[in-house]
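When the chains are written out, they are named A, B, C, D, E and F in that same order, and each has its own residue count from 1.
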Amino acid sequence: MQWHSIDEFFAMGGYAFYVWGSFGACALLMFAEPFLAKRRLSEVRQSLIRERLADELELQQKNS
Amino acid sequence: MNSFLATVRRDLLLAMRRKSEVLTAVFFFVIVTSLFPLGIGPEPALLRKIAPGILWVAALLATLLGLPRLFAADHVDGTLEQMALSPSPLGLLVAGKILAHWLLCGLPLVLLAPVLGVQFDLDASALGILMLALLLGTPLLSLIGAIGAALTLGVRGGGVLLALLVLPLYIPALIFGAGAVEAHIAGLGAGGHLSLLAAMLALAVFFAPWATTAALRVALE
Amino acid sequence: MNSFLATVRRDLLLAMRRKSEVLTAVFFFVIVTSLFPLGIGPEPALLRKIAPGILWVAALLATLLGLPRLFAADHVDGTLEQMALSPSPLGLLVAGKILAHWLLCGLPLVLLAPVLGVQFDLDASALGILMLALLLGTPLLSLIGAIGAALTLGVRGGGVLLALLVLPLYIPALIFGAGAVEAHIAGLGAGGHLSLLAAMLALAVFFAPWATTAALRVALE
Amino acid sequence: MLNVSDLACSRGERRLFANVGFSLAPGEWLHVQGENGAGKTSLMRLLVGLSPADAGTILWRNEPTPSAEFRRDMIYLGHHAAVKEDLTPLENLRLAAALDGIELDEHASMAALIRLGLRGREELPVRVLSAGQKRRVLLARLLTRPAVLWVLDEAFNALDVSAVKLLGELIGEHLAVGGMAVLTSHQPLPVPGGKALML
Amino acid sequence: MLNVSDLACSRGERRLFANVGFSLAPGEWLHVQGENGAGKTSLMRLLVGLSPADAGTILWRNEPTPSAEFRRDMIYLGHHAAVKEDLTPLENLRLAAALDGIELDEHASMAALIRLGLRGREELPVRVLSAGQKRRVLLARLLTRPAVLWVLDEAFNALDVSAVKLLGELIGEHLAVGGMAVLTSHQPLPVPGGKALML
Amino acid sequence: MRQSIIQWFKFGSPQSFYPLAGRMIPWFWAAAIAFGIAGLWISFFVAPTDAQQGEGYRIIFVHVPASWMSMFLYLIMAFWAGLGLALNTRVSGMMAQAIAPTGALMALLSLWTGALWGKPMWGAWWVWDARLTSELILFFLYLGFMALQAAIDDPRRADKAGAILALVGVVNIPIIYFSVKWWNTLHQGSTINMNKAPSMAHTMLWGMLLMALCFWMYSIAVALTRVRAIILERERHTEWVKHAVA
């Protein structure tokens, strides 16, 4: 362990901007991407569920 | 005025429908500016020197590339005929199309230029001048280009003939546009160049839509 | 084989009918190479240094400009359908079209390059290498371009999307092509670059017509 | 209202027609006839002002065309599809109206499309429609753009039997309220009456 | 010779047709009928091999299509003009033949054009021809390209009365010598006999 | 023989792949997180400071995995695309389409972290060196692939066209990989600073490998999530989808 304090850790020996810029961008994008993918999945699911509901309603109206 | 805005909206909608179109004009700009360092070699001092010229030529070519489509699609499918026969004045519709073209092809270049300029190691004040010059220059390119597009409409050999007609007319814009940045870097002040650009733009705003309309009527005959 | 030659003849005839077309590809090349001195300034030493890169980029853009028309006209008027249904193999017809494209867009550039090179103050042996590199490189550009043209056929956003697809693939040709001349000027010998270009060309001659044909069949579906 | 006299037109060295004259009053329509290449399309383009005539005059409400009033009063549908392949029929209709400076609400455009049998296709891009459906999208403009004079060049092409009948009815209704029409077609037209002009 | 069975085709989410089957023997022809958007053009494109079918088989001389033999035996003329606007009718005809690998002399191509009533237009660029004349240039290929199976999509569009009659005669002659044809049209066809397929 | 291959790919039908993917995703997430924690621990707390580059070199722990993945994912994408073209299996095209955005993201991260590394080390955000340029080309190839697919609305056609492009673009991969060998450039070759104490080389290597595994598992997890969405979008009118989404 080469860090003596938390400040020193964040300072990264003067390269804070570059190191945290890199890791930060990775963290940010790799957090956002799965989020977007999941949202896409749930959007399709939602619209499919809505469609099924509409189908059922139509069926009920026909029967009654 | 209503039909002017309707035209702008229509052309933007059409472009959005072809999702990729908007982005790709920008990508072309990026790719072309990146081609030159590849062909010329990576020496930074050399690159910094030719940066304004390259960015301007790339902007010019990016505008040029989209020009043939400015009226062609509407011509082929007969919409242009309908526009010429529409109760709204054709000039207004044409002006709308030109504005839409600038919004799609010109404005993104202005916004993107500083990012690319950084790649070539230009400093902040030079980037500012570059953006200003492009802001005055790209509408000029769209306006002049529209005349060329209308003149070559339906003419055999379209795209290339268009380039032949329009490029010479673009040269003043290129010289003053790139010149503004170079003058600034050389410490001479860019004011003169920029005001010449502005004057040309004012002239073009008046005459280009009129000339374009006339050319379109000829093409439709 | 007969229908291969017939395609070449047909495309040349069509181009001749649009007289301006052949000349204008060349004019575009000339104008673009002349734009740079205008944008960059007239310093001879600087110009000599960037000459190979600029000539190659201009050749590349000139080729690119003609690409959308490679199959588009035949697609719109239904001739391409007829070709796909013709008793002659489509691959042969496609190869014929690519050859015709090179004869119209590539060969003139090769022949013209030394004239423009002289403007940039290149010496005779460098001009020779430049021509040789272009002779190997321009067919490569036509072959790769044909794939892109076929892929974007009838697709929304055509021309610009085409540029996005094709330009990245052109970059190796650009690097080795311009590199050959630069290496020669630097006294390093252009052999390595040229043989890499030749290898890429050989590869493309085999695969590009095949890929183009496949892409065309997809476009027609 | 529409008075045409002494019209002449030549293409290349070929004189297509000369001394063509006719006039239309409200409720009347003209059937321009002639074999392929006789000059029907050329005549229509002269009429609406897309190309200049060699000789002759065209008067609309006693004023020479093309006047702004004429453009407002007239609608021309030609050989071309004049629809944007990337847009849906609904968008096509509304944008065409917007360019003409007309406000068109969703309801009216929907009604026009349904009248033309495009139910269920309102949201597809025109590109994927069949040949006849594309023509129908174009023809829907007859319902959404108020015009006195309809100039229709081979409007019955590519339409199926029921669509031909429908277009006939539309023209009939238009004439009944004092409209006028100039039509070409190689098929017999399902519209009664009408003057004939043989080229 | 031509055996089609169980053909199915869908576009987007719409099933256009399924279980379509028919067969043609020499001298027979098929009239594909259906309203606008029924799927006639789609069927023809499946048939000639331009787009893949969802299901079903197409046999030509008992072999699955598209085979090289089928391509040689078949000619398809669609909605498109498929002529080069910059070339003359004569050049169009000869170049089309050359692409198909057929030698066509001046005499034969001239004869075909004259038969189709294009006398005097052989040397004009197709661009200036009228709509019907363009179609005639395309149809001339029926005379210059020997084929057993003619697949014609709305070939009667834009033709005037005499041209419709002429095309009817051509098809009749073709059938008489053992040819086959698949046709679509919204008008009654001037060809006697024929099977009908309703989509 | 051919029959049995086709049989095998029946398992690759969307219908059976959709639930399978759903079951696999959590495992890949778990693996990604585990490798990620271990990798980050080594990157920041085990690996010692570099003698020449100070702490700045720690960018290597994201830069190299992102660069590797950007190339590797392209190969995988091209593989699936080619498979779809050859055997006409439906899932292949969907896989290719699902991988592309993740690949583009990796290429972007490689460029971004490389630029952030270049500024302190080389004094420039960007130089026109062969490896950097070819990585940029790779990024554009991904974008081209996505743009082409977005521009064609018939999914079957989009798959085929995309596949042809992906296969043509494969030639770029060896160029990126060997660019350092073929040209004398600024960018590091395959062995940097590894000639320190063996233990340090080891910890660095381990850190890089663990982070690469993390990126890899992450890519699979995201691609599978996306492919599930794509399957539903494309098959929304089949019976099984209606049952699957209850």
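As a convention for this text, contacts are C-beta pairs under 8 Å (C-beta built on N, C-alpha and C of every residue); 3 or more make two chains touch, one makes a residue touch a chain.
No experiment lies behind these values; they were computed from the predicted model shown.
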Lowest number of touching-chain links that must be crossed from chain B to chain F: 1
Given chain E and chain F, the chains that contact each of them: C
Copies chain B and chain C touch via same or different residues, half shared test: same
Mean-CA-position distance for chain D and chain C (Å): 45
Centre-to-centre distance between chain F and chain C (centres being mean Cα positions), rounded to whole Å: 32
CA centroid of chain A to CA centroid of chain B, Å: 38
Mean-CA-position distance for chain C and chain B (Å): 25
Shared interface positions of chain C, touching two or more other chains: 17-18, 76, 156-157, 161, 164, 167-168, 171, 175, 221
Residues of chain A whose C-beta touches two or more other chains: none
Multi-chain contact residues (two or more partners), chain F: 133, 140, 143, 147-148, 151
In the complex, chain B residues that touch chain F: 18-20, 23-24, 27, 31, 34, 37-38, 41-42, 44, 47, 118-119, 121
Of all residues in chain A, those that touch chain F in their complex: 1-3, 9, 12-15, 17-19, 21-23, 25-26, 29-30, 33-34, 37-38, 40-41, 43-45, 47-49, 51-52
Residues on chain F engaged by chain A in the complex (per definition of touch): 44-45, 48-49, 54-56, 58-59, 62-63, 66, 101-102, 105, 108-109, 112-113, 116-117, 119-120, 218, 221-222, 225-226, 228-229, 232-233, 236, 241-242, 245
Residue ranges of chain C touching chain E (in the complex, touch as defined): 2-3, 6-7, 9-10, 13-14, 17-18, 73, 76-79, 81-88, 93, 220-221
In the complex, chain B residues that touch chain C: 17-21, 24-25, 27-28, 31-32, 35-36, 38-41, 46, 49-50, 52-54, 56-57, 60-61, 65-66, 68-69, 76, 156-157, 159-161, 163-164, 167-168, 171, 174-175, 178, 182
